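Two complexes, one shared chain (chain A), two partners (chain B, chain C).
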Partner chain A sequence: MIKPYTIISTRQEVSGTGVDFSVTVRTMVDEPGFKDVKLSTSKSFIFVPEGEDIDNYLHNCLLNSGWIAQ
Partner chain B sequence: MIVSKMESPEATRIDYQQGTKKFTEIVEKLKLTYSKLDASNWYSVSEPAYNSILEDSVITAIAKTHNPYLDHLDPILVSRKYLLNKQYIYEKVYVLLTNQTCEFELPEGSNALAKGYLVNIYGQPGDQDYSNYIDIYFSCKDHSKVESWAGKTLTVGNYTNYYCITFNGVTKERLKVKNYWYDEQQDLSDWDEFWVAECKKRKIDPLSQLS
Partner chain C sequence: MTTFGFLATNGNSQVLISSKTKNLHFLGKATLYSTLQSHEGRGGIRRWAYRIDSTGTPVPFFSVPTADRYAIVRMTKVTGITWEIEVIRSGTSGSVPEVYVFTEITGQHRPTGAWGMQVLNEIDSTPAYDSRLKPLVVRGGTNVTPPYDPMTSLPTGLSPRYCSTNADGLFVPNNYSSTVVYNTNVTKPIVCYQSVAQTMRQVDVNESSERCWGFKVFGNCVGFEGKKSWDSHYWTFFRAGVSAEQSGPHSYINTGWISVDYGCRNEEKESDSFIGIGYDDDSSAAGNWPFSNLTINLTSVSLIVSDGVLYD
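== the complex of A and B ==
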């Protein structure tokens, strides 16, 4: 199973887990006279409430924010 | 514009380039099931075609470029497979292959070009492991040799023909033969040129790999 993001670190916080993560998306820029590959990276932090699965929660957030597509 | 045509024992698959009416129609239908789908990075999308190994009707989307989470597999191409009834999604990774690195028997006069296999991506529906089904893509100087392996007549393209055999990765059993044909030169019609370029990127001498 390949994860489309990287969890950099986690730390226990009051009523949940703090997660530092990164996600990178590669897209093709294909415009008249210009063709290139663009990398977009987000390094960010997310708070995962107690009782939630970290991967599932993070994945849903990235899906809803458009960093991951179906 | 049709970018590729493929025939397998159970179906014929046609792929449409982004920007065409057909592409838009197929994507819009897919979005009814997958609202978070993003087709902006797709080069082409296929009509649904039945796949006897996946036991489902499948739409194939070929990506313009692959995402970094697949970099460690060193793909030369990536596609996404949408299994319409099971509602599973897999990514298919195509990696460079040469006659020297091909572990599977091919018809005489063939040149191995690529190996394709399905991978599970976290969060995508579908946890069945299909990675044991290996697709070997190749060219062959003698179309009739491939036909005799397929056990039937295969369509001949006016410009180029390429082939794929699906193997069981463990037993090496041959499961089915697929045929891709092109009637004229277009973006995807010259697999061997694409293969030579990918060999050179990896500092492999392509001439030393040919049969």
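== the complex of A and C ==
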């Protein structure tokens, strides 16, 4: 499975893990006269409570927040 | 160890009055001095400064006229005996909290009657307790901590170009933890709570485009090629705060976050080349921001509940 996000770094916090991540969307625009490659990258942070799987938690959070589509 | 003095305890053997300690007594309500901050977005931001003259060190309590979160964020002696107390609140209500100030007994306290009970401190014989001076009645107390994250979802739809998105509705602190202080039996809760925890959340959005005026051979542009990128860094800074609502005999406390500062920084970069030969400079950046996406001082803070009607 190709993950639609990249975990940049993690750090241990009280009762959980802090996760810095990024999501990149690549768009090709092909119009007469030029080709356009557009990259949109968003970076932010979430806190994953202790006992939660980091990938599942982040994926669900991104889905629920609309950062990525189903 | 002294063999004389006075000690009154409650049914749980907790000290109510002791000649070994000093009790806090009501000095008065601090006066609203100025409104320091007011913003309707990001969950609502209000910051007020109150002032009171006190020869002793004040211990402030605030009333909670709305269901929003409140906290004391600063208390300083501004001049002579004048103290300034800063209170923050979430929400957009026009209601302003009252600030009740308690201190040890000083010459400023004026007895309301000729009779009552006075306890002297056994060391220096100064008044430790005086029933005529409206002593602080503690109706309940607990320790509270806000959750690590101020928001339960991520801000979305932020434009990378020129900070052009109004993020007021996107950075709303809606996450909190709940505590019940049982059997406080107060009519008008007043709360002593100092904000200690702080947090900051930031979303960085970038858009980059490569544009080829010509044609591409094996992915390379033959002709003019332009690269452009836009960055916007949207951020909000929060302080911990509490709401307190009375339902029946119990006080329901929610500990969450209050937005106190916010902003956005944007950058734009552009580079051009002709047949693969660049004629414009690139730029680079590295390293960490000093305080980004981090929650600090996340420790238990004591909260005391009293009843404002005893002092109105």
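Just so we're on the same page, the second predicted complex is superposed on the first by the 58 of 70 C-alpha atoms of A that agree within 3 Å, B and C clash if a C-alpha of one lies under 4 Å from a C-alpha of the other, contacts with A are read in each partner's own complex, and residues count from 1 in each chain.
By definition in this document, contacts are C-beta pairs under 8 Å (C-beta built on N, C-alpha and C of every residue); 3 or more make two chains touch, one makes a residue touch a chain.
On a predicted model such as this, the values are computed, not experimentally measured, just so you know.
After overlaying the two complexes on the shared chain, residue contacts for A:Arg26 are found with chain B alone; chain C is out of touch.
By the touch criterion stated above, A:Leu39 is placed in contact with chain B and with chain C alike. In the superposition on chain A, contact of A:Gly66 is made with both chain B and chain C.
Using the contact criterion defined above for the overlaid structures, shared-chain residue A:Gln12 touches neither chain B nor chain C, since it reaches no partner. When the two complexes are overlaid on their common chain A, residue A:Lys3 makes contact with chain B while staying clear of chain C. Look at A:Asp55: by the touch rule set out above, it reaches chain B but stays clear of chain C. When the two complexes are superposed on chain A, the residues of chain A that touch both chain B and chain C are 37, 39, 64, 66. Chain B contributes residues 34-38, 40-41, 64-70, 89, 91, 119-124 to its touches with chain A in the complex. Interface residues of chain A, counted against chain C in their complex, comprise 13-16, 18, 20, 33-47, 61-62, 64-67.
Interface of chain C with chain A (complex): residues 148-149, 153-158, 160, 201-214, 216, 292-295, 298.
Within the complex formed with chain B, the chain A residues making contact are 1-5, 24-28, 30, 37, 39, 55-56, 59-60, 63-64, 66, 68-70.
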